Structures are given as C-alpha cells and as structure tokens.
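Only one structure is covered here, and it is reproduced in the block below.
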Amino acid sequence: MGVKTPKESHIVMTEIVLPNDTNVHGNLMGGRLMYWMDIAAALAAGKHCNAPVVTASVDNISFESPIKLGNVVHIEAKLSRAFNTSMEVHIRVWGEDLTHQYKYKSNEAYYTFVALDPNRKPRPVPPLQPETEDEKRIFDGALRRRQLRLILGGKMKPEDAEELKALFKKE
Amino acid sequence: MGVKTPKESHIVMTEIVLPNDTNVHGNLMGGRLMYWMDIAAALAAGKHCNAPVVTASVDNISFESPIKLGNVVHIEAKLSRAFNTSMEVHIRVWGEDLTHQYKYKSNEAYYTFVALDPNRKPRPVPPLQPETEDEKRIFDGALRRRQLRLILGGKMKPEDAEELKALFKKE
Amino acid sequence: MGVKTPKESHIVMTEIVLPNDTNVHGNLMGGRLMYWMDIAAALAAGKHCNAPVVTASVDNISFESPIKLGNVVHIEAKLSRAFNTSMEVHIRVWGEDLTHQYKYKSNEAYYTFVALDPNRKPRPVPPLQPETEDEKRIFDGALRRRQLRLILGGKMKPEDAEELKALFKKE
Amino acid sequence: MGVKTPKESHIVMTEIVLPNDTNVHGNLMGGRLMYWMDIAAALAAGKHCNAPVVTASVDNISFESPIKLGNVVHIEAKLSRAFNTSMEVHIRVWGEDLTHQYKYKSNEAYYTFVALDPNRKPRPVPPLQPETEDEKRIFDGALRRRQLRLILGGKMKPEDAEELKALFKKE
Amino acid sequence: MGVKTPKESHIVMTEIVLPNDTNVHGNLMGGRLMYWMDIAAALAAGKHCNAPVVTASVDNISFESPIKLGNVVHIEAKLSRAFNTSMEVHIRVWGEDLTHQYKYKSNEAYYTFVALDPNRKPRPVPPLQPETEDEKRIFDGALRRRQLRLILGGKMKPEDAEELKALFKKE
Amino acid sequence: MGVKTPKESHIVMTEIVLPNDTNVHGNLMGGRLMYWMDIAAALAAGKHCNAPVVTASVDNISFESPIKLGNVVHIEAKLSRAFNTSMEVHIRVWGEDLTHQYKYKSNEAYYTFVALDPNRKPRPVPPLQPETEDEKRIFDGALRRRQLRLILGGKMKPEDAEELKALFKKE
C-alpha cells in the first residue's frame, strides 16, 4: 500500500442553514453540525483508504461562534494521521454571511474512523505522509490525542501515557 | 435559585433506526446519533435551568457497539454538574433488538450547555445536588473533565490543571 | 408464552417541535404528532411480543391543547390489552414549555397492532396482565373499544355489540 | 357566506413510498400515511373556508392493505359536512403498483378541522351542500359520527346520543 | 403494445410549502420545486409505460411567480409525446393562497424519461395519441424540443435540425 | 461596484447518496440532484453579489451517468456571466465510488439567479471578468444561452436572436 498525503483525502462540504437546522435562537444546532462533520470526515477517511469506514470516536469539540439561519457552513476535512487500521481526520468549520461578506471560524475537531474489510473486520490502511508545516504539526499531535482517547475510553492508564505526562510536567 | 437534583432534569428519548440514518453497512451513522444526543442533552439542560440553552462543547465520544437498522435507540440524559452559567449533561445510549430481546450499551458522553438570558448573554443556573452514589461519582469527576475542556480549548495551561495533574502523577 | 405486564412494554419518547413540524400558527401539526405516536406505540407493541408488528388501526383521537414551536413533546406508550394476535396500545401525550415550567396534557389515543411471523402472517402474542388500578380500568374498556372498531370497520353489526349496547341502554 | 359544494374543496395528493417511509417489512408506516392524510385534509378544509385551520380530531382509521416501497399513494380529500365553526373532511387512500398496473384501496378516514380568525378563535365556515348520492350519504352520516366523537371525547353522555342509539336499537 | 392517451398518465400532486422548503425570503426554493416536479413527472411516465423509469433530461425552466410559505403547490403532469424508449412529460405548476382565494401560474416544464427493462436497458414504450387541441399542439412541438435537446447535449449539429431551423428562418 | 472573477464565487459541495435520495434502482433521483445543484448555484451567485438571490431559470440538463447509493456527489459551481441584475452560474457534477476509486462526470448545467434589494426588487450586480480559457469560452456562450432562454420563455422572437441564428445558418 503506497503512502498517501493529506491533500489526497481533502474534502470540502458546503451547506446552508435552513429553518429546521436551528434552535429557538435561530442558530445552527450543535447536533446538526456534528452530523455534517461526521459525513465530511467519513468521506475524507474513505478517500484515504478506499474502503468502507465507521466512526470510532470523536474528540472534544467546542462550539465558539454560532452560525446563523441563512448563513453558509464551510466544512473542510482531511487526514491528519493514519494508524494501523484507523485514521484520524482533522475537520475545520467556518460560517459565512454572504450579504455582509463576513466569514468566521466556527470550530474544529478530530474524528477517528476504522476501515472495514468485506467481513466487517478492521483492515490495514495506507500510511500518511504530511507535507505542509501545518499538516506536520497536526500529525505530531496525533499520538498525544490518541493517548488521551485511550485513557478516556478506559483502555490506557494515565501513568502510562508518556506523551501526555510530558505536557503536565512542564515547569 | 433553589438547588435541584439530577433526577429533575432526567430525559428519556427513544428513536428507531430508519434507512436514511444508516451507512452502507446498515448501521446507525455516528453523526445521526450525536444529533439525537444533542437534542436529548439540550432538553435535560433546559429542564434544569428553565431557560434557552446552547451547546458549548462535547467531550470525547467513542462508539463501541454499532446500532443496526430497525433497532431501537434509547437515550438517557441528566445533569451531572452545574457551574455558574454552564451545565454538564451526562448521556447514556443503548441499542435494542426487540425481536431477539437483546439490549446493549452503545456509548456515553458529556455535553456542556450555556444558559442564555433574553439578550442572549449567559445567565446563572441553579446549583445541582447529586443524590445517588453514581451521581456523586460523576459529579466529582466534572472538575477534572472541565479542566481537560479548558486545556483542549486553549483556555488553561496544562501545568495549572491541578485535578488532572494528580491523575498523571500517581506512582 | 409467559404472561407480561403493561410495565414491560412501557416506552417513553421525547421530541422537540422544530419549524418544519409546525403549521402557519407555529403549532405542531396533528399529522406529525400522529407519526410520532405511531412509532412510540409500535415500539411498545414490539417490546410486548418480540416480533415485527404492523399498525392495524387507530382509534378516534382529539387534539385539545396545541403544542407550540420549541416546546417539548412527551409521549408515553404501553400495552393496554393483548388479544390473540393483536395488541392494543395506550398512548398519552404532553407538551412542555421548559422556560415557563408549564407541562400540559395534549391528548391520548389507542393504536392497535398485529404481530407477524417470518412469512408475514399474524402470530400469537403473550397475554397481558394489568397491575395498577389505572391499567385494569383501561384493560376492561378494551372490549368495548374493540367492538366499536369492528362496527366502524364494517365487521360487526351494532345489534351484536353487547358491551356497547349496555352503554346506550342506561336509564 | 355562500353555500359551497364538496367538489369545491376536492384535493388530490400523490406521493411515492421512499425507503424512510417504510418499516422493516418494506411497507409504508401507518404514521407516515396519517401525516400525509392530515395535510391533504387540512388543504381541503382550507379551500372550503378560506381561512387557517387546525386539526381538531381524527376518527377511527383501519389500515387494510399495506402499501409497498416504491408504490404510489393516491390521497383524495373533500368536505363531507360543515358545522358552525368546524368541518368534517372525508379522505380516501389508494396504493398503486405502476409496473403491475394494480391499484388497491388502502383505507379511508374522517378528519375534523376548526377554522380560526386572526386572533386564533374559531370562526364560522360556509355551509356545505352535497350534490352526488355518495356525498349525500356521507353528509347524512356526519351527525352520527359527530355524536360518537363527542361521547369518545367525554363531551356527551351515550344516552343523549339519539342518532347513535337508533343504530343499537334495531331488532 | 396498445396506443395510450395523455389522460391515462395524468397525475395531480398537491404539496404545502413548509419552512424548510423556503429561502430567506420565505419563498419556495427552486430546487425543492424541481424535486417535486421530478417525482410527479416520473409517476406520469411510469403510468404510461408500466415500467421503472429514469430521468433523462429536463428542459429549460423559468420561475416566474414565487410561491410563498404556507401556500399550496399544485403540480399536474401528463405525457406529451412518446418516442421509441423515451417519454416527454409536460408539467404545469400553480401556487395557491387559500386564505386570499388567489391561485397563480408558477411555471411549466418538460422532463424526459427512459423506460428500463429488468436488466436496466432501455425498453420500448406504448405510442401516445393526443386527444385535445392543447395536447395535439404540445405533441407537435415535441420534435422541435427534442432537436433542441440533442443539439444542447452535443448529439446533433444545429444545421441538421430541420424543425428548429424553420423557426429561425421566418421572415 | 468592482469587477469580480469566477474564482471568487467558486463553491464546492460534497454530498453522499443516502437511501431516501434513490429510486427503486438504487440510483440518485434526478430531482434530488437538481435540489442540491440549486443550493450550490445559489451560494455561488450570493458570493458574487453579496445579496439575497432567487432562482430565475434553469437551462436544459441531461443526466448521463446515474450516481449510485453510497457514492459521493461532487458539485462545483461558479459564475459564468453577470448581466445587469442577473447572474448565470455554471455547475458541474461528478459521482465517485470511493471503494473502487472511480470518479465519473455526471452532468453539467446553467442556473440563472436574480439579486434582490431589501424591497425584493432586482438590484445591480458586479460585472464578471473571466480569467482562464475555459471561463472565457463559457462567458462567450452566455449570450447565446440567454437568447435561447428568452425565446423559450416567450420573451424574444426567434428571428431576433442574432447569436442563435448564426448557429443555424452555418453551411
């Protein structure tokens, strides 16, 4: 399996906020946005491994700028790191008010997917080779995020998380 | 504002997995489940504070057992801790195959909401008093989860997170 | 097949009224509510018989208090009586305005379902044993409702409906 | 307000059964059909009174022939009787398999609507003058159906329902 | 295969404009209307040939009178001409404001469908015999519209389009 | 109003074909695709003029390669020509099967939008300056397409359409 770059799995999704996507404040509901992000991220993971994928986990997401009814939602997703059978996808979201020519960062997130073979068992995925500085920085952070996921999922003890421990020991 | 208990914000939601909720494997898409969890959690937060709420953040979620087409989705949400103007909600999800009488844990998560006043500014929420052992354990863990959210959101330095540091320093 | 109680088929569903669920008055459309009630009732029937079910009939429903946009819809369903291959489900619906802490009865109804075997033929369902006073009263009324359904469906002559005739002959 | 005929409120609706409208048997869910019937009936009532309307009640519906995935749903609705501020609408539903050229009666029902003035209070509606034999027969049955609705809604005592009592007293 | 008339494939569809169907002006979005027109036209084509059909092309559509939120959409479709394996369907759309008793022409269009056999290959369809003056006029224009489709689809040279050339050569 | 380039209004939309988007063959319905194309094109037009827009017309579309259930739909839209108050948008659509790494052209189309001022009257839009060879070719063809729209909409006589007449007079 040949090495692939983040660019090769890059996906752009554009949606418009319709009435049924909003809460009583006329803002995009968080859950609707997570639904779109899941689809964008699944497509990026599918482009990387050329196999069916399933969502394995979603990292902490914080919603900063609400996106208003009638505004445009821009979602960009691309692979941030490939592990053996799983892939971490980095997603960035912007809102845009076309009339006022105002585009604003809404949030970003990491979703993890597993590739499946025809028997629905995990199968290997191609390695990822980051190219830009930004991609390399995000690639490097993936081990730390993965340890956090394992600890939060009860599959690793905090004291074994070398990458994370380093963070907390800074003086 | 009187103290409230988790029981007072307890919400039960039941959904059925329809074709459009599934991926090509016939399993419930992760994004659709996060959408339902967001609504259930927002209702629990709204019941606690009796005011409009917006999703502020979602903690790490891992999807363990996929829920199949035609199965039932059970979602339970109740307040796990109230802060000044924000509320952490604990959500548990089960799948159920009615024909085979098989009910299985799918996943659990913490969503955080902010209460808004009529000018859309954050407003105070009632304090929460946990009652059961389970509620107390989850209440106690909320400070640690909150520090993690602040660090992941870039609003706290890891070395200032006393609750979290304790975790990593165990020998 | 062992006897079951109404409690064993009890289902709670919670929905929020979104813009597309409302008519021009901003009230939940009757048809959307009947759609949700059908799903809740089908789940209760499925829990009782552990088999696929189909809607056979719906009794007279009257809509008293309209449920407003943004309000919460609470739907509770549980078995009211089991016949040979069919099940009557009792459904109660409340609306709730979380901000004003106001919960109001919206309506109630009886839906009837038939259990199907793998060849899509009706199959026997477990008997129902009501427990509470309320459940017993509703259980007892089921014969009368069933005669009414048979008359309205053209499958029984009014003069043969002993249960119903008693009602009209009171002096 | 001039008298109107049933023909003037006649509405035809045609839908196709898509995957998300079906249960696990691939048949149209009863709740989805009641949703479409509610919209068709509301349009017929709106055409009769030229004012906003709300669903007041739905009479007993029995589902006889299931409608299959991919089949066509034909819904016809027209006024069956006008009362002071309320209107009874008669709805007939057929399924059709275009490939096999097979059209079958699915069910029929009566929905009742109330006309509203700009303050959301009930307002008078035009009288209805049935024309065909079929319309006259259905018009005549409306009093009996109305007594039944009032009894089932707890607003009339069975012994006061002269129209219905006559039915049960036949020897 | 016996000859059929346009009347035999006549389909009437009625929809109501709900919030999610509208743009920020509260008008029905063009794309939603084209979606409904496609379904109505596919049903008319399916009625004519009694076989599965797929959309082959859509002719120029212009949207004249916008249809408002809460208004009724009336769509009528019937066959305008049958070719060997394809069918042209003529669609007319009206909006209606029930309260103001105002019905207005919205637009009209021609969609073309191909009939498929069980192997998904094009199969012959019955010939069409127009009856009314209007149907004959539309039938006659079909050749001109077809040449235009072929030219626009790059399958015919403008100079070979005899029917169209006649139009441009009028003095 | 400054001149703008096609690149400035370029929009990329990515969707996945879900069960409810498909016909009985498991292919994306034409009407659903036209709905997505309308949204993508409206966003491109809105980006160009920074004002609300409404769909004025859609040119002939032919559907060549059906897009399958589970495949990805790529839609690209950008301005092809600006007139006084209207804008023509060019849309290209591809399907992609991620597992088989197969991407195929599905169709292309031109949608025309009108920009509206706050009183819903047409308002001027910025001029468009094409940059690439492809953009220039498409820009040049816009006059011909516009004459065709005017003729098809009954607003121009064929004999006055100089651009189109030239096409048919080639020897």
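A few notes on this one:
Per-chain numbering from 1; labels A, B, C, D, E and F assigned in written order.
Basically, a contact is a pair of C-beta atoms (placed from the backbone, for glycine too) under 8 Å apart; a residue touches a chain by one contact, two chains touch by 3 or more.
Nothing here was measured: the structure is a model prediction, and the numbers come from that model.
Using the average of C-alpha coordinates as each chain's centre, E ends up farthest from chain B. Centres computed as Cα averages put chain C at a distance of 20 Å from chain D. Rounded to whole angstrom, the centroid-to-centroid distance between chain A and chain E, based on C-alpha atoms, equals 43 Å.
Each of the following residues of chain E touches two or more other chains: 19-20, 24, 39, 42, 52. Pairwise chain contacts present here: A-B, A-C, A-E, A-F, B-C, B-D, B-F, C-D, C-E, D-E, D-F, E-F [touch as defined]. By the touch criterion stated above, chain E contacts chain F in their complex at residues 23-25, 27, 29-32, 34-39, 42, 52, 54-63, 66, 111, 116, 120, 148-149, 152-153, 158-159, 161, 164-165, 167-171. Interface residues of chain C facing chain A in the complex, by the touch rule stated above, are 18-20, 69-70.
Within the complex formed with chain B, the residues of chain D that make contact are 19-20, 22, 24.
By the touch criterion given at the top, residues 11-16, 39-40, 42-43, 46-47, 50-52, 72, 98-101 of chain E touch chain D in their complex.
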